[in-house]
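First, the structure itself, so that you have it in front of you.
For clarity, chains are labelled A, B, C and D in written order, and residue numbers in each chain start from 1.
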Amino acid sequence: MSHAQPLWRRAVAEALGTGLLVTVVVGSGIAAASLSPSDTGVQLLENSFATALGLAVLILMLGPVSGAHFNPAVSVIDWWLGQRTGSGLTGRDLAAYIPAQIGGGVAGAILANLMYGEPAVSWSTKHRSAGHLYLGETVATAGLILLIFALAWSGRARLAPVAVGAYIGAAYWFTSSTSFANPAVTIGRAFSDTFAGIAPSSVPGFIFFQAFGAILGAALVVVLYPRASEAADNVATPQSDTTHTGASA
Amino acid sequence: MSHAQPLWRRAVAEALGTGLLVTVVVGSGIAAASLSPSDTGVQLLENSFATALGLAVLILMLGPVSGAHFNPAVSVIDWWLGQRTGSGLTGRDLAAYIPAQIGGGVAGAILANLMYGEPAVSWSTKHRSAGHLYLGETVATAGLILLIFALAWSGRARLAPVAVGAYIGAAYWFTSSTSFANPAVTIGRAFSDTFAGIAPSSVPGFIFFQAFGAILGAALVVVLYPRASEAADNVATPQSDTTHTGASA
Amino acid sequence: MSHAQPLWRRAVAEALGTGLLVTVVVGSGIAAASLSPSDTGVQLLENSFATALGLAVLILMLGPVSGAHFNPAVSVIDWWLGQRTGSGLTGRDLAAYIPAQIGGGVAGAILANLMYGEPAVSWSTKHRSAGHLYLGETVATAGLILLIFALAWSGRARLAPVAVGAYIGAAYWFTSSTSFANPAVTIGRAFSDTFAGIAPSSVPGFIFFQAFGAILGAALVVVLYPRASEAADNVATPQSDTTHTGASA
Amino acid sequence: MSHAQPLWRRAVAEALGTGLLVTVVVGSGIAAASLSPSDTGVQLLENSFATALGLAVLILMLGPVSGAHFNPAVSVIDWWLGQRTGSGLTGRDLAAYIPAQIGGGVAGAILANLMYGEPAVSWSTKHRSAGHLYLGETVATAGLILLIFALAWSGRARLAPVAVGAYIGAAYWFTSSTSFANPAVTIGRAFSDTFAGIAPSSVPGFIFFQAFGAILGAALVVVLYPRASEAADNVATPQSDTTHTGASA
């Protein structure tokens, strides 16, 4: 049903959703760092609490329009694996989704900066580059991809909003990199020199290992859920207008 | 089914629900500020934890009676957009809901004050007026309206209790204004000179930008969910007495 | 279906559930006070986090056996209102439930004391008696009763585990009394001179206002949900063995 | 349906899931201890927040493949009680599950160490041996077994992901031992000299009382849910590929 929407509307939803996701991440990070200056852990607890709830809500809000990917890694894997199941994005879809996600992510960082009375853009000076952080991004992205497609391929995509929100809330803590796991969000977070920022020079390394993790996650999906059947849901389309009545989240 | 209830009962539910919502916000704010004096962020974490849970519960508790709007912005948009779908509040409904919400909100603040041994009314002295705070209220209210009507127009209103609670829990953090997003609650919070209060002189500015945000949110709903069909649920009526058995949240 | 269980088994479930509820409340209170000595608010956050999750789980665990009341106020109101709907506890049920709940509550406090290496019984010295605290207990219990019967009488009892857990998690914060709202738990908490304790001399006052709040809550149920029909669920029996397949939480 | 999967795939899922569970526990413990050095309670709050969310997600991710036991105590009780219901693991299954769980648990600790730039293995020096801690493990494991089989035997296994996550989140706080409740996770946690570690010499005592608690929990299941019927779900298989459409969580 998601694919029955015109592409322009789906791209608007991806831009809006990715943008608001970055607004949630960056905005709550600014608030946390400002209000809890003496304990970095409490800052991250506040940031992860807000992100887990906000991400779940955004997927609920926009899932029926675009599938609520908000993440080029998810969109690319959906296109790639979809050639197997015949249910993924097309190449044309991908060419609209990815720019929308990146543009939205940048706009979302600017919105967060403005809401907190900061300059619209301030390049982050927070360097994040080390082997163990790259391992963190690899694990974080692999787990995210495995989760999303495990749910979709077993006909449980309606659980994706809560599950993906919970996953990211946990991954802020169990990965050393605080789990960016999303190239568009990574780019957006470079535009804010605040708690959740990342220095532009650290962005390519993060994206490289996110791509590696995404491939690893896709391989795990294929090993663990080999029979993607007609029962498979579209990725991250939690409820459609027409099929919701029989099954609910 | 909600509309099968007599209007007086629905108005009682709106007054009770809006009142208890303000009691939750103000009461937990008093407790947080008193118990965690050294970290404002921890106070907001406690306040947002209690509000997210409490708001979800109140919508569950009263949704089948009145729709659980608890918010004049939601009621007005429901009336306005309902002229398109034929399912919203009538003008007469609106004339009962809004005074009930405002009266309830004020009573709720008084109840919170009394429960904590404060004077029944103490005008807040917390000034909240700045351009970036107004941007925060605009974003907060637009997102709330988009969320509620996106769920209702895609037949997922049963998810509204958890989704709206989670949204506000996150928005306390990602908007600079801590997301009042509700004119009746804003008025109520002026009656308590405590953590969650707002100076009476700051109330009109907040309400103005909440109205602006609500219009923006309604426009996004129309763009993203253009086909409000007969599958649409009534707004924020999570479960009715008669249709709950086939689909659940 | 709950009533198809023999009464002895239902009484065992009520004793076990009320006991473990007190263990959760008292045990997490001991841990919180010991581990976070410098911030009482953080202690209450930890205590409320554990209680909200634990209470929801206990209702899921034992609901199909006994209805998971764990609370004499709920059981008495269920018997009282049940004379209206024909679906509540009988007088004989009540005579088994209430002693089981109280005995379980005391045992649960002892278990918590022993798990933390404290003496099995230490009478609490925490005095809790003041008009504003009694107002808190009244509000807390009225809200709890309204919530439980609103869900049951609108056919949504399957949502009770999560809703009741969330309600208590919020009420720890928005009521000045930290929401005991349960005579059996109040008695149990007198047996531990720790964070969650209550001095024995304060117990009668709390129970008196819990009873008053319960009556107030029952009155609100009757006003707001006047038509308890055959669609009504048994109170706090979230899922039965036989009807779960069509509707889920 | 879970049993329709080849055993090798199910063993891979058990190893992966148990491994990632230990990664979540140990990794978030390292982050918490590093970021919140001044308050042990806040560290445990962060650790329990991440574990509750992460465990729920892992059960969702892998439940349809292997049943998502991730715990030798659960697998053994499933085999033992399954001889009664005819639906449990076989002895051959058990011989694959348990080594996979233990091996996965160790690998997960190593992964967490590496993600945080620690040596791959550092034996924990945190001694955990005392009668009251053993009582804690007994209670924690008994409650976990009762919860899982109560859900399965009443046809509500689809709720296991959220319920088990919530249970462990609460049990971190209400048991004095912080609720290991899992022999494979206990062994894995010996491989990291960090916040969540346990000295190897303390491991046997913990496992002994976990076994005792598991037997106690199984006894409670048999007393409280005596009629395991054909309505019973497979343990911890929240949703299968083929039956999900009629009932959902």
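Criterion: contacts are C-beta pairs under 8 Å (C-beta built on N, C-alpha and C of every residue); 3 or more make two chains touch, one makes a residue touch a chain.
Small disclaimer: the values here were computed from a predicted structure and weren't measured.
Undergrad: Could you find the chain whose CA centre sits the greatest distance from that of subunit C?
TA: So the farthest one, by centre of C-alpha atoms, is A.
Undergrad: Same residues or different residues: which describes how subunit A and subunit D meet, taking over half shared numbers as same?
TA: different
Undergrad: Using mean C-alpha positions as chain centres, tell me how far subunit A is from subunit C in Å, no decimals.
TA: Measuring from centre to centre gives 39 Å for this pair.
Undergrad: Return the distance between the CA-based centres of subunit A and subunit B, expressed in whole Å.
TA: Result: the chain centres lie 27 Å from each other.
Undergrad: Give the residues of subunit C that touch two or more other chains, as numbers and ranges in rising order.
TA: Residue numbers touching two or more other chains: 39, 42, 45, 49, 246-249.
Undergrad: Would you tell me which residues of subunit A are touching subunit B in their complex?
TA: Of all residues in subunit A, those touching subunit B are 9, 12-13, 16, 20, 23-24, 27-28, 31-32, 34-36, 38-39, 42-43, 45-47, 49-51, 53-54, 56-57, 60-62, 64-65, 111-112, 114-117, 239-242, 244-249.
Undergrad: Quick one: which bits of subunit D touch subunit C in the complex? Just the residue numbers, please.
TA: Subunit D residues touching subunit C: 39-42, 44-45, 48-49, 52, 130-132, 135-136, 139, 143, 146-147, 150-151, 154-156, 158-159, 163, 166-167, 169-176, 220, 223-225, 227, 229, 231, 246-249.
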